[in-house]
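Scroll down for the structure; my scribbles are underneath it.
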Amino acid sequence: MLAEMTGLNEECGVFGVFGHPEAIQLTYYSLHSMQHRGQEGAGMVISDQVHMQQVKGEGLVTEVFHEDLLKTLSGSASIGHVRYSTAGGGGYENVQPLFFKTHTHSLALAHNGNLTNAIAMREQLERDGSIFQTSSDTEVLAHLIRKHNSLSFKDQIKQSLPMLEGAFAFLIMTEDQMIAALDPLGMRPLSLGKIDGAWAVASETCAFDVIGAEYVREVEPGEMVIIDDEGIRSEYYTKQTERALCSMEYVYFARPDSNVDGLNIHSTRKMLGKQLAKEAFVEADVVTGVPDSSISAAIGFAEESNTPYELGLIKNRYVGRTFIKPSQELREKGVQMKLSPVRKIVEGKRVVMVDDSIVRGTTSKKIVSMLREAGAKEVHVRISSPPITNPCYYGIDTSSAGELIAAKRNVAEICQLIGADSLSYLSIDGMLEAIGRPSSMKNCGQCLACFTGNYPTEIHDHTVRPHEKISLI
Amino acid sequence: MLAEMTGLNEECGVFGVFGHPEAIQLTYYSLHSMQHRGQEGAGMVISDQVHMQQVKGEGLVTEVFHEDLLKTLSGSASIGHVRYSTAGGGGYENVQPLFFKTHTHSLALAHNGNLTNAIAMREQLERDGSIFQTSSDTEVLAHLIRKHNSLSFKDQIKQSLPMLEGAFAFLIMTEDQMIAALDPLGMRPLSLGKIDGAWAVASETCAFDVIGAEYVREVEPGEMVIIDDEGIRSEYYTKQTERALCSMEYVYFARPDSNVDGLNIHSTRKMLGKQLAKEAFVEADVVTGVPDSSISAAIGFAEESNTPYELGLIKNRYVGRTFIKPSQELREKGVQMKLSPVRKIVEGKRVVMVDDSIVRGTTSKKIVSMLREAGAKEVHVRISSPPITNPCYYGIDTSSAGELIAAKRNVAEICQLIGADSLSYLSIDGMLEAIGRPSSMKNCGQCLACFTGNYPTEIHDHTVRPHEKISLI
Amino acid sequence: MLAEMTGLNEECGVFGVFGHPEAIQLTYYSLHSMQHRGQEGAGMVISDQVHMQQVKGEGLVTEVFHEDLLKTLSGSASIGHVRYSTAGGGGYENVQPLFFKTHTHSLALAHNGNLTNAIAMREQLERDGSIFQTSSDTEVLAHLIRKHNSLSFKDQIKQSLPMLEGAFAFLIMTEDQMIAALDPLGMRPLSLGKIDGAWAVASETCAFDVIGAEYVREVEPGEMVIIDDEGIRSEYYTKQTERALCSMEYVYFARPDSNVDGLNIHSTRKMLGKQLAKEAFVEADVVTGVPDSSISAAIGFAEESNTPYELGLIKNRYVGRTFIKPSQELREKGVQMKLSPVRKIVEGKRVVMVDDSIVRGTTSKKIVSMLREAGAKEVHVRISSPPITNPCYYGIDTSSAGELIAAKRNVAEICQLIGADSLSYLSIDGMLEAIGRPSSMKNCGQCLACFTGNYPTEIHDHTVRPHEKISLI
Amino acid sequence: MLAEMTGLNEECGVFGVFGHPEAIQLTYYSLHSMQHRGQEGAGMVISDQVHMQQVKGEGLVTEVFHEDLLKTLSGSASIGHVRYSTAGGGGYENVQPLFFKTHTHSLALAHNGNLTNAIAMREQLERDGSIFQTSSDTEVLAHLIRKHNSLSFKDQIKQSLPMLEGAFAFLIMTEDQMIAALDPLGMRPLSLGKIDGAWAVASETCAFDVIGAEYVREVEPGEMVIIDDEGIRSEYYTKQTERALCSMEYVYFARPDSNVDGLNIHSTRKMLGKQLAKEAFVEADVVTGVPDSSISAAIGFAEESNTPYELGLIKNRYVGRTFIKPSQELREKGVQMKLSPVRKIVEGKRVVMVDDSIVRGTTSKKIVSMLREAGAKEVHVRISSPPITNPCYYGIDTSSAGELIAAKRNVAEICQLIGADSLSYLSIDGMLEAIGRPSSMKNCGQCLACFTGNYPTEIHDHTVRPHEKISLI
């Protein structure tokens, strides 16, 4: 429930393909398959080797790209982006890919992740006379690249990336070249694929499945993959690398049918659910998951605990941007929109409600209360990840620690606050075991900052002014 | 998969509330909860006891009703409709409620179902000088009512309804009265509820849950429920009644959290899946359902057959009206949009794929093929209802028998056509037992016409001109 | 200034063409040329001899008809309408042509004018069971036609028209026939033309000029012109005819380049201005007209009085539907939008301001005050028509006599109210002489009701309930 | 006819007001009154002393600014712009005011005119690492300002303006200051006014009239007018000044009710018409002007030549963006949209057709032919300005000399090409005398480059690459 009901900012999704006659269509369908990674805006930049064109807009992929519009475009290389604003706020100009033209050539940038020194870098660049067009952290890279414009394009980037701090998976395109680059800790997923001989890059492998592309490998931490007419080659802008992939990709963010760094998401979540059942079994009549992201964990929990899995909560499709919010008065009378409990399923029953995470706790409290009103005899909440005690500065942006229910409360207090009969979280060790990533020493291969407070990078903008609200403008 | 992927016309959803200060808002949320019953159009007519106002349009509930618009309305009685054109074709004028004004009073009509003598009735009325405004079968009732305009409003309706043939659940409203009426066989569901002392009527009980209304009882076949300032009273326009509720409401149409004639849909579907597992067990590694409507049956099948239930197929949310269809070329290359198989789940596995029904077979064929391409070793299709061998004339409108794959083929032939390793349907008796409705002699309490060809009513328009395409204009 | 600045309802414009391969395009351009006759709505109905299609909408011709839309249509006969609601109020359903379908054939109606017994007729028809679709007076004719549906189409109309009272120019079309009919007094203009061998009918001759059609003759009072594949023929549904053409067509309504009943509008208005100069000369420095409709009269006045004609008032183009009205505060500070005085032209000058009419006087008062603020030494108002003392029931609908400034005030009082140095109207005799229509005894060939109160027809709806606000619903 | 029918790019209009509580509304009405100066886009930037907000869009003032939108804004200082793309091409990002944010403050720019060294300046800035956001020449100034960001804001501008070449009237705004600046030759008009104690600046005085502001004086060539909370003060960024105001402002561009550099436009045009009649009298029956911009000259011609002035040509209002162009076939049949000749006025007559200018000649040819088809016996074309023989690089952008009909043809040849009986242009001396500006030696106070080829400034971008199509990107 983390993303969908808390208003948290999230990560984004990027896709690129180089040297395919259907580049535009492929980008459309791939972005569409990653729509869950960002519903605020979508865009693509296309190159026909000589000219580049941009189409972007606020809204869903199907709202931004219309058939008539795509027909006016042509090109064989394309990068695209779906956005859930991580930094910089909303507005058309912040929708990516960012696109810049100079009298010599053009430049497009698509970014998944969040820089942690963007404010400092921007202030320095502005003092030197740069004018920024957006309030996006991503634009910093464009100005750094231009400052090095005496070098080759590849070297402009090679010189610029080490100046950035934080999490990033970048797709960067000029008329005749595409470069995919990952931060030194590989905090964001980025996969390489192939379709009809052309190379493709995507945040999630479901983007490959939907277009019939073949998965090849992950882009590595610190790596720059350079794709052009001569084919593909790899360089490293730093050798100081190690993997610290975001745990939340496994817990709730990626699509069940994607594989992240080689692990299938549905299976991993089912394992998280099974592990949770081992750690926190409770005698019950039904197990139900909070749709959509907790279904797999709930199935795993049910299987492991030998309790029937049922649809105790129904999600209302069709709640979009234009949906009219119920008045306070009606809400108090019980008008419920996004989720409905199924009375006949839960009435008189002991219910295990499996969710993937708790952020502020307000949603969990609401669901527990809904289930009770529908007649549940007992409600046992089981969370398939550890308590979130610290803000994320890498893209899953819980603006401040103050809002996190687990920042200053123990499990018993949270249980009481959300009104459950019992509450259990998955342990950190249990989570690591269930996911089963190869454990490198320092980071276990994955970032645990939101559970532990140990941030794997510098977080410059946040340490310099810890009490300010961080904003690029 | 019946409704969502075949282009079949479906039934609609109606809602009414009388004497509630929030009538407009309640109608909005109730219609929204029944959005699955019709995405083509939505409308409501509101009365403040003196004047009536109409808002309607093509599209989804959230597209038709905007906050600014609803603010301009006032009234304490309202009827609403979501439409999936059953008869009469598209167009703004056919969106319901139909609304008529005369110099004495106004009249609004909302209809779920399909009349089978509308063409004959319309021709007769036109010969007498009537001018129709729509190509909807529903308008016939309005003209019949006006032809009896010397009687009281209730008696106008009482005289008119017996002239209609087919399936209907009507909500009829004037400035100061609302009447709910059901056809003599009760082929469509219609429930009566109560909220804050006001009476409400809805096609599905999920509409009550979402607004916090309390379910009271079903409207009976042949009954007219009359609601006005003096309260509620019941009359019967015919005593020749018996129940023949549409089986498809249970099989795929209603929402899992609704209760239809007292039976919960999720539980009923799970029973259908269990019964199917008893009748057609097969050794397999995973059971997967075709989302969304077959999930419950798949869970039941898995539980009964002791096979793990997995998310082997993922449905892509966000495929709306403006989605760009892939070119034939891309489709052949494997671009798949609405459903994606999950390779890591099905690869090398024996898969049971549970679906609720097969209409033309094209969708089933596509899914089977998808699963095989994702690496499934075997695909066993299990259908949680009997073969559909005959067209429905009551709202679930399979235009002609010619399109029904089961009309002239046996199960073995269908199995071959869709490319499955094995195919089994649920038996009629198995279905009846799993649903478990109280069996009245002739109709077992439910309509089986699409499985048997025994139509429980006259089907005048279709027998007079069996070879013509039926159209009101 | 009558139409544009008072909010008065006005007449409409109709156009029809039969048997031309470009019927749709011709209708578009003709309606566009008559846009001044109605900016509230536009529509056309097209026939390809077998099917009829309708396109209509609220707004301007260029807003309603888009290229993509017109491309979907085909047909060789078409009737069209531009609407400025005369009766029945706004709303999509009242936009004309009205279009009705029955199981035998279709019927389209376009009407310029206003019936004076529509309410009485409608009540009678509703008592007999008819259901009206609109609140337009025009629909009465459709029901009368259908009530006679045992006759030939032509005879249905021939029987129906004599039951109507008031002003009307009708275009009526079925799949294979078009009928143009005029009321017995010919109160509205209706001209017959020819293009590439096909017959055309239009409210104003500018519609012919714009498409290169040739003017043939006027449709006569009481005449029905019947056009079909066999050519054109004329019948009379009544012999009780006489001409009483609306004077206001000459004074302000028609376009300067049109000829109404053979007389050019610009030339006629110039004659009205000359006659006015003869009757009410005043020593002055400049003559200026209120744009656009009074320019011709002002030029005539200037020429006759030998005073320089100048652009003392400028009309702001681009004031459309979406224009934001200035706040009361800003208006008091002098924010002026539709008309601006030209300071350098009027400063220190004695100004003759020629206008075509005064309805409520508020606009005239505003303009006089504007001119004074811009420095005019004297402002002499000259009106190129007689005082309007009575409401019009035939389409130029001054809702009630109470609003007419001249209903209960003499010229001196009006002069004082609008703040002019002097005010003169044209005399009725002067107007008749300047226009120079052949004088038939009773009506001088033109309707003078708004100047005299002598209505040339029965005005049933207005005499039965003189104190009610007249409304069809 | 220059602007409206040739597709030429034109100048723009700017407006600013500082320190008025109704700044937003005043900007709206002022821009609206200058709509004739640019219909492609409109925008405003508002400051409340602390924050600045921007609203802009493609389309008309009434299309871009909606009431709901303006209500969300607040501020007491505002600059606005209406745009007819002079340089840089279309697109949202080029709509002005341009608006830039840095971490220290914001900057808004509105520009009327055209720089002639923008390309060279941009290339230099990009080589130094600047990234441009638009293809507008105006953006060059923003980067120059930022390069000087160690100075005070006023001095940043004072250092930057001398680096620009060409025609410009700039409004520049930060949170707390507004600066109006004119190029050293004052090629574009810019007036200073006052309203309720607040200072206002506008391209045309009609903008003052419409809001009730009082005209104070012209901004001078080379002057920077600095407005802030301390009031107004004037500085000069250069002393090398002299006036060379664009002649076309008088001939056709400005509104008749504006005064440009103190001279009323309607009166000036009437004088041009009178002078033309003196130079090129012809015996005729009627004088008619091509609406709207040639009406004043035609009235002058008629008065001087003692020939009746008539409405021989009618302009069709309502021809907007969405108007459907007639097919070639229909155009050949005579479908005429923007202008209609009035047959009854010109039939059998000797007609003088007064127009303000001829650019490519295609429009003139069309009008002459229209008049002949409407029956004119003779058509004598009289142009109230000299022949345009050279392209304008200052905002009235006749892309290349090749398109100018007078570039390589004498008057007799042009007369024959447009099919007139006779053709005369106003002489340069006659034009200067009629306008009557105080004659400074070199430039007569006005720019004559398009008539003479003597450009009063360097035209760097056009001399360096005379054969290229000039484009900023």
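Per-chain residue numbering starts at 1, and chain names A, B, C and D are given in the order in which the chains are listed.
Just so we're on the same page, a contact is a pair of C-beta atoms (placed from the backbone, for glycine too) under 8 Å apart; a residue touches a chain by one contact, two chains touch by 3 or more.
Given the structure is predicted, the values throughout are model-derived calculations rather than measurements.
Novice: Shared touching chains for chain C and chain D?
Specialist: Where chain C and chain D might share a partner, there is none at all.
Novice: By how many degrees does chain A turn when fitted onto chain B using C-alpha atoms, rounded in steps of 5?
Specialist: Nearest-5 rotation angle for the superposition: 180 degrees.
Novice: Calculate how many whole Å lie between the centre of chain A and the centre of chain B, each centre taken as the average of the chain's C-alpha atoms.
Specialist: 37
Novice: Counting only Cα atoms for the centres, state how far chain B is from chain D in Å.
Specialist: Taking the average C-alpha coordinate of chain B and of chain D, the gap between them is 62 Å.
Novice: Distance-wise, how many Å sit between the C-alpha centres of chain B and chain C, to the nearest whole number?
Specialist: One centre to the other, that is 50 Å.
Novice: Find every residue in chain A that makes contact with two or more other chains and list them.
Specialist: As it turns out, chain A has no residue touching two or more other chains.
Novice: In the complex of these two chains, what residues of chain D are touching chain C?
Specialist: Contact set of chain D toward chain C: 22, 25-26, 28-29, 32-33, 35-36, 60-63, 65-67, 70, 196, 206, 209-212, 255-257, 259, 264, 266-267, 270, 292, 295-296, 299, 303, 308-311, 314, 316-320, 322-324, 326-327, 329-330, 333-337, 340-345.
Novice: So in the complex, which bits of chain A are touching chain D?
Specialist: Residues of chain A touching chain D: 100-104, 119, 122-123, 126-133, 135, 142-143, 146-147, 149, 472-473.
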